[in-house]
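Scrolling down, you'll hit the structures one after another.
Shared between the two complexes below is subunit A, which has subunit B as its partner in the first and subunit C in the second.
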Partner chain A sequence: MSLPDDPPASAVPIKRKRSRFELGLTGIALLIPIALFVIVLFLGQYAWQAIGFNGIRFIGTIDWSLGNLYMNPVVTRGYSVPLGANYGILAFIVGTLFSSFLALLFALPVAVGTAIFLAEAAPERLRPALSLLVELVAVVPSVVFGLWGIYVLAPLISHYIGPGITAVLGFIPFFNIHNSTGSGFGLLAAAIVLALMITPIIATTLYDALRQVPRELRESAVALGATRFEVVTKTMLPTVRVTLVGGVVLGLGRALGETMAVLMVSGGALNYLPKTLFTPISTMAAFILSQLDSALGDPTNMAVKSLAEIALVLFLITLAVNALARVIVRGATFVRNV
Partner chain B sequence: MRSDSKLRRSTLLRAAAAAALVAGLGMGVAQAAGVSLVETGSTLLYPLFNIWVPHFEKAYPGVKVTTQGTGSGAGIAQAISGVVQIGASDAYMSDQQIKQNPDILNIPLAISAQAINYNLPGLNDKHLKFSGPVLAGIYTGKITKWNDPAIAKLNPGVKLPDHQIIPVHRTDGSGDTFIFSQYLDFSTPSWANTVGYGTTVSWPAVQGGLGANGNPGMVEALKQNPYAIAYIGVSFYKEVAAAHLGKAMLLNKAGKFVLPTAKTISAAADQLVGKTPKDERISLVFAPGAMSYPIINYEYAIVNAKQKNAATAKAVKELLTWASNQGNSEHYLKQVEFKALPPAVKKLSAAQIAKIGG
Partner chain C sequence: MIVSAVGWGLCGFAFLLVAVPLLDLVLTVVIKGAAAFSIKLFTTSSNGVKGGLLAAIVGTTVLSLGSLVFAVPIGVGAGLYLSEYGQNRLGSVVRFLSDTLTGMPSVVLGYFSYITMVIGFGWQFSALAGSITLAIMIVPYLARITELSLQRVPVAMREAAFALGAQERTVAFRVVLSAGLPGVITGVLLGLAISVGETAPLIYTAGWSNYVWNGKFIHQPIGYLTYVIWTFIDQPYKSAHALAFAAALLVMLVVLAINIGVRLVLRPKV
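Now for the complex of A and B:
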């Protein structure tokens, strides 16, 4: 046997083994995109009739009614639906976007401050424990936030936060609690609960990025006579700003899809748009959950199909947000590699 | 000494065995105990089923019952699709649903009622009087203040506050919304023509209105909001009493104001026993009779008359028969403030239960 023959003889079976392993892995990995594809396909197919029946009114109007489920269905616009059925979700789209972006507004400064504190100011020995605490907030089940929202946050808004904001900004109708029920349940409560949920997501993403900022960069800044504040604001944050945007978009994705906690504190608005910071709202995800049981009683199934259409619209919105995150995160790695 | 790969394999094996065990558990129990039934649906009936099941299983050791609280709509849908044997619902099925599913039976298990509660500082000890049209006015935003002449007229001598009313409604689908909106629908033509009734209705946009999730959410919304009014199932009377909320007297069809008591609930049920049809789908809301409380309903078991086999059919019949007889004793029902079915209704139910076969 010549020596050069040996390596291929042993390499071939190993290679075959590995490729089978890789094949298996690929198959498993493909399950996720396939599942996604199947879900979208199902939603689209299931909602198809509703899309035809609702048309553009679906996202352009605010009147939602399942109609009279106990009378015989009537034919409206060529579809058999319950008498009086009308599906307009503009109020829920507005509620979803409004509460999510407001949550982001609250969460961003806290998250950035937390991340900078952890990366720069926290004592080295406490750092692991502190960052673990922040991460723990991210895994609190949303129903716990919801309960806290009902028993603590809503009364707090009703008795202190709301009147406080009104005392300062009450001359603007939007900030005047007297233009609402003053119950505490509504836009502000939903936004605060959501902010609590997304703050740790943004904070941990940013913290990880700050830890990866090259030592030389900081040292050069210090060598140039930068104060600690300047090191953070002029060197560190610009370096990680792309990751920050990615974290923000990830948090936003979570906020847009949050269901239970929002359902518990949003006040469940129907047929109107929020006029003040304290007005009840409904979000798309929470509305699907709250309406599903009654929708099941619709003998024409148009109600459930319209809920599927809401899911489809919500899916498209979150997909857009996530795609944006992907593009930004990829941009971040690209920048780092360069 | 175990090698690393051996350890990993044994862990894998154990996990697989656990998974197999979990998968086989349902089957194993069914085989050991004879028949396994699943009940799902109404969250109002769910506590009663949980009270019933241990006693029923003791009386019928061959049957195992699993209960779930998923909502009335889910109870009906899953009983139709055959996922579960017994669906629980606060509302009977519509004519169209029966037409589409002629084998599905609606069998009453008990009678429930609903109170109108409010949080009116200083007046919670007084039973304020309300009528269907006044409540409809409040929930459509036509009556906005507590001292509105329409409310004052029903409550002469009561000093009503000049404060905005906060009408609270359920955001989730609910049998309570069903019977409350029926009371408004049957008593107020303008409500019937615009909003109608259902387990969810398209609530008119009321400035200052509030949505709450579930009966616990309703109690909490009332507690936290002075000047609010809400409809709450009588099963929650303990929570309502503990929060010192007011309970309203309602105007019935005969023009009398009545509180929800054992006497007035039974009186209303008795009035409509004779009118209950063979398929037992009937609203008990706004019953005639001077003593009748206007917001009561049958709690239903939704069952397919054609079960998958004879053994399952037998078990379903045993459970329903037990529930509407032994299960209707005061001892069980008083724990959730439900009332027993009148004897004539039990007879109708027995005739329906007899139709179930494998």
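Now for the complex of A and C:
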């Protein structure tokens, strides 16, 4: 008996014919990448003149000025713009980075504590309800956080938190509320609201990871005489640290692009850098939204195009951050499975 | 022992730092918002800083349902592709770019829609520009949630259907999609919650109007609830604040009802 002389199956590349149904679905799925490319393309094309006009001054100066809109535009550096126009966004870049990193500083310990509490300390019967509570923080619309910030948080900072920090650290000018307007709207308010928004992102990522730590690992730590708290901090946390870093970067991406809540509580600074924790700031995202109306008053359109350049820069920053998060947590999705 | 006790205490405190602001936020919105509820709120439109929210309620409904009209076929179709045919390089690329789109700041998306649809196409502030912008936001969510829920449909079900001689299309729609339907509906509802709560991408696409939507999709600005929250809280009038909180309560009711609802129904019973 001889075997049929067909080559073994693995040697033949299987060329499957794609059905029209599959091609149709592929076409629909490709709309997502196409939308992304179209967005970047149009923003880039629209911002092109602004990129040429602004050059390095865009990120190197803090002076955002539309120039004299009542005179005829003058030709500056080869572009027709209002006299004295300069579009520098350094103050907004600083405001964005400062508020986001401050938010991370607040959010990280709180998120780690919350995740440990939910995974290890919460009573079994209450756990679903308590973790639901944390998840719900993440779904509160940004504008409602802003409303709460205006109505509750800003007065709280102005009357209690601000004076409290000043009483302890007031000898350092940065922490003295008397060096600011004292309204409560500013860097600290923005950072706290952002921290609230990203804490559940980090906490739920970490909580899911903690729940998946193998039983044997915990048991062997207990067998070695570790207390329950040592099991968590010395055995479990190290195994999930990569996930934790991924969650943090994911939260950072969210904080950098956050608009409404920050716009409502940041005080809306223009053309100066924050000197204290309580000074008003502006972020890139909030600035795009708040300035489009006045930018439309520029007949040369250079101001609107410079806003498009901000949008482009902001997108590239969040793209880099989100790609980093994805590389760190391989296979993690931005959509949490409920 | 002392270290442990302090450690557990700090963890509990951290949880409170998350939970208390949420409870305070919800309580504030419920108390202040419910105080502003009246028949007039739902039957009249805002006039300056007074009046009701009829135009905004209608507008939010039109914009969110409008966004679903665009987003559901595309999002579910893309999710079906990713789950059934996407185990290859192209699938990974689509997945990565879909997540990238999810991470895009909504204000950037709104600005894009402004320069293309509102200015470029000449639609002006309109329901169509607003709906499409929201749709671009929720399509990637919907695609990934659909993919996740369809992947849980056992392979054996597909094989059984193919063995009976079913066409690819039949297997996809009648077997896979119908078995994974609860997950897909979850995705659609979460997408709805996102579009009801969004503000930033609408301000320069939908505009704002005090009048109830007149049925025109372009050349006609449209009001929505989140705009009321954003602008009316900055007005120095009691009536304006009352409207802002009433609008916030309506938005929160929808968002919380959807999010709590899908978790209660779909949470695996362990």
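The criterion applied here is as follows: the second predicted complex is superposed on the first by the 303 of 338 C-alpha atoms of A that agree within 3 Å, B and C clash if a C-alpha of one lies under 4 Å from a C-alpha of the other, contacts with A are read in each partner's own complex, and residues count from 1 in each chain.
FYI, a contact is a pair of C-beta atoms (placed from the backbone, for glycine too) under 8 Å apart; a residue touches a chain by one contact, two chains touch by 3 or more.
No experiment lies behind these values; they were computed from the predicted model shown.
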item: Superposed partners subunit B and subunit C on subunit A - clash or fit; value: clash
item: Subunit B versus subunit C as contact partner of A:220, first or second or both or neither; value: neither
item: Subunit B versus subunit C as contact partner of A:70, first or second or both or neither; value: first
item: Partner chain(s) touched by A:294 [first = subunit B, second = subunit C, both, neither]; value: first
item: Which superposed partner A:253 touches (first subunit B, second subunit C, both, neither); value: second
item: First (subunit B), second (subunit C), both or neither touched by A:212; value: neither
item: Of subunit C and subunit B, partner touching more subunit A residues; value: C
item: Touching partner for A:114 - first (subunit B), second (subunit C), both, neither; value: second
item: Contacts of A:311 with subunit B and subunit C, given as first, second, both or neither; value: second
item: Intersection of the subunit A residues that touch subunit B with those that touch subunit C; value: 150-151, 264, 289, 292
item: Subunit A partner contacts - residues on subunit B that touch it in the complex; value: 70-74, 76-77, 91, 93-97, 99-100, 164, 166, 169, 171-173, 196-205, 208-213, 217, 220-221, 224-225, 228
item: Residue ranges of subunit A touching subunit B (in the complex, touch as defined); value: 63-66, 68-73, 84, 86, 150-151, 154-155, 158, 180-181, 183-185, 263-264, 266-272, 280, 282, 289-297, 299
item: Touch list for subunit A against partner subunit C, complex; value: 19, 21-22, 25-26, 28-33, 35-36, 39, 42-43, 46, 109-114, 116-118, 120-122, 128, 130, 132-137, 139-148, 150-152, 196, 199-200, 203, 227-230, 233, 253-254, 256-260, 264, 285, 288-289, 292, 304, 307-308, 311, 314-315, 318-319, 321-323, 326, 333-335, 337-338
item: Subunit A partner contacts - residues on subunit C that touch it in the complex; value: 1, 3-4, 7-8, 10-15, 17-19, 21-22, 24-25, 28-29, 32, 73-74, 77-78, 80-82, 84-86, 90, 93-94, 96-112, 114-116, 136, 139-141, 143-145, 148, 167-169, 172, 186, 190, 193, 196-200, 203-204, 226, 229-230, 233-234, 244-245, 248, 251-252, 255-256, 259-260, 262-263, 266-267
